[in-house]
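The following blocks contain the structures, represented as structure tokens.
Each of the next two complexes has subunit A plus one other chain: subunit B in the first, subunit C in the second.
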Partner chain A sequence: MERPEGIRVVLSRLKNEPVIANLGLATFDLFALGDRRSNLYTWGGMGMVSSIGLGVALAAPERKVIVMDGDGSLLMNLGSLATIARQQPPNLVHIVWDNQQWGETGGQPTHTSTGTDLAAVAKGAGIARVASVSSLKALEEAVDQAMAEDGPWFIVAKVEEKRRVPCPEVMIEENLVRFRNAFD
Partner chain B sequence: MSWPEIVIQSLKDHEVNIIAYVPDVVTWRILSKLENDPYFRVVPAAREEEAMGIIAGVYAAKKRGAVFMQSSGLGNCINALGSICIPWRIPLPFFISMRGESGEFNPAQVPMGRAVRPILEALGLRYFTLNQREGLEKVVTEAMDQCYSHLLPVGVLLSTVLTGGKLGTS
Partner chain C sequence: MAPEDGPKIILESMKEAGINFVTSLPDFNLAKLIELVDGDPEIKHVALCREEEGIGLCTGAYMGGKTTAIIMQNGGFLNSCNGLTTTALNFNIPMLLMIYYAGDIGDEGFSTLGSVTEPVLSGLGIRYYVLRKMDEIKNTIKGATLLATDSRRPVAVLLTKNVLGTRR
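For the complex of A and B:
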């Protein structure tokens, strides 16, 4: 599976649920595949997307909140998994597009390329509802279950990095204003 | 009111009800009260940077939150301030319990304690220092008003002169 295919699967299951995308490739792909008012793109603060998503989930408990993280970024903020586990937000769906590389800095292999198992880390941190998928079909099943049942959910999707989309125009402040207004 | 009560009242006055923190002895005098107050949702973080990210997310979902940490923790969240909170213009009050000042016994706490103000200045962020009980309400209110009118993070430094520090009892 490639990340854009996976993102398409997730988007096909959403109505107006907030999605917070990791800086770099997840943000570029999400923008290209389906810019929408409930998308929040991050442009800096590597590793922070899981924490930002937790904040959105705590502040908006009535909505499912989807985080699209990356392996390199999550490796920088593994503590956030323990913090999420401690809070147990039932509405948080944390998806990691694991391409086993720092994709935005030249494709250097990350620790998941040498055996670090982020799903096991999440379980060990105290998140019970964990899935690790490498096919589109398995991703569809995991996302359907995560959207239907209480979490917090943690889904690692192993992806192959083949194609790149160009970086969209940066619009940080407008993006946040648009995202916030979706909470009226 | 005691200084912790003044801070808590100011949070309520500004409708700040989600609190992310990494604890220390001084801020715990506020946080332990928040933990037992149903107005607040209190979120312990494993690292200060997470706390910044969480409260940025809270604001993105149209609610308000604040961060509590010790001065050494500011070093753990500089990039979250510079790369998330400032470009997004997140009004985020962050309360820093100061180490390395009057009464400090641990030399390892001095460099970061002394660096807090220059770091905030380098980021272009405003900060207010709570030095004494007299007039405290005014300073806290000004800090919070600045934060939500200017839409940027604002630091509130809890000096050891006010709090008594780690070893103090005031």
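For the complex of A and C:
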């Protein structure tokens, strides 16, 4: 599976739920596949997306909050998994598009390419509802279950990196205000 | 006002300032304050593994409508510099940074940390206020929170042992 196909699956199951995308490729793909009011694109703060998503999930417990992380970013903030486990937000759906590389900096292999198993790390951190998928069909099933049942959910989706879309022009301020207003 | 009442007055001031979401990592000198925050039903408290997480958490919670603070030691503030720069400052996120000032005058063992704290805050363009007097707690915390909200930036309050009740 490629990340855009996976993102399309997730988006097809959403109404107005907030989606917070990791900097770089997840943000580029999410924007290209369908900009929406409830999308937050993150820039510059590598590793922050899992923590930002937890903050949104705790502040808005009445709706599902979807985080689209990357393996490189999550490896930088593994402690966030333990913090998520300690808080147990039932509404958080944390998806990692694991391409096993630092995609935006030239495709250097990350530690998931040499055996680090992020699903096992999440389980060990104390997150019970964990799925690891590598086909679109398995992703569909995992996302359907995550949207229907309480979490926190952690889904690792193994993706192949084949094509890139260009970096979109997004005004950070405008995106932030729009995202924030989507909660009203 | 006795110094041992400091943590209670600090918490009251934070609540009067509207803060309802707090992230923290302990320091010995912050123990009482964090214990009070954790026990307060009006505040959502999140314990961190590393301080930079707290910058992300406060950012996300702000998106969901919360007024936020992070309680940490100045070593933890140094741990959060990238998140503060590329997320909080870059996205214009207000948050109150409640930083215990290790290595302050009269402290032992943290002089290097103490010596870089104010220059790094200045370098990041983060306005900061050092709290040394009990009778300045309320105005400083309420004023700093208002300034953070108004400027849509992090604002720091440096907490000394004088106001935390831990001066020997």
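Throughout what follows, the second predicted complex is superposed on the first by the 183 of 184 C-alpha atoms of A that agree within 3 Å, B and C clash if a C-alpha of one lies under 4 Å from a C-alpha of the other, contacts with A are read in each partner's own complex, and residues count from 1 in each chain.
One rule holds for everything that comes next: a contact is a pair of C-beta atoms (placed from the backbone, for glycine too) under 8 Å apart; a residue touches a chain by one contact, two chains touch by 3 or more.
Here the structure is a predicted model, which means the values were calculated and not measured.
A.B. asks: For the combined arrangement obtained by superposing on subunit A, do subunit B and subunit C clash, or do they fit?
C.D. replies: Pair status: clash.
A.B. asks: Using the superposition on chain A described above, determine whether A:82 touches subunit B (first), subunit C (second), both, or neither.
C.D. replies: The answer is both, since A:82 touches subunit B and subunit C.
A.B. asks: Is A:56 touching anything from subunit B or subunit C once the two structures are fitted on A? First, second, both or neither.
C.D. replies: both
A.B. asks: Both subunit B and subunit C touch subunit A; at which residues?
C.D. replies: 18, 20, 40, 42-60, 77, 79-80, 82-83, 86-87, 172-173, 176, 179-180, 183
A.B. asks: Where on subunit C does subunit A make contact in their complex?
C.D. replies: Listed in rising order, the residues are 21, 44, 46-50, 52-66, 82-83, 85-87, 90-92.
A.B. asks: Taking the complex as given, what residues does subunit A use to touch subunit B?
C.D. replies: Listed in rising order, the residues are 18, 20, 40, 42-60, 77, 79-80, 82-83, 86-87, 172-173, 176, 179-180, 183-184.
A.B. asks: Which part of subunit B faces subunit A closely enough to touch in the complex?
C.D. replies: Per the touch definition, subunit B meets subunit A at residues 18, 20, 41, 43-47, 49-63, 65, 79-80, 82-84, 87-89.
A.B. asks: Mind listing the subunit A positions that touch subunit C in their complex?
C.D. replies: Against subunit C, subunit A makes touches at 18, 20, 40, 42-60, 77, 79-80, 82-83, 86-87, 172-173, 176, 179-180, 183.
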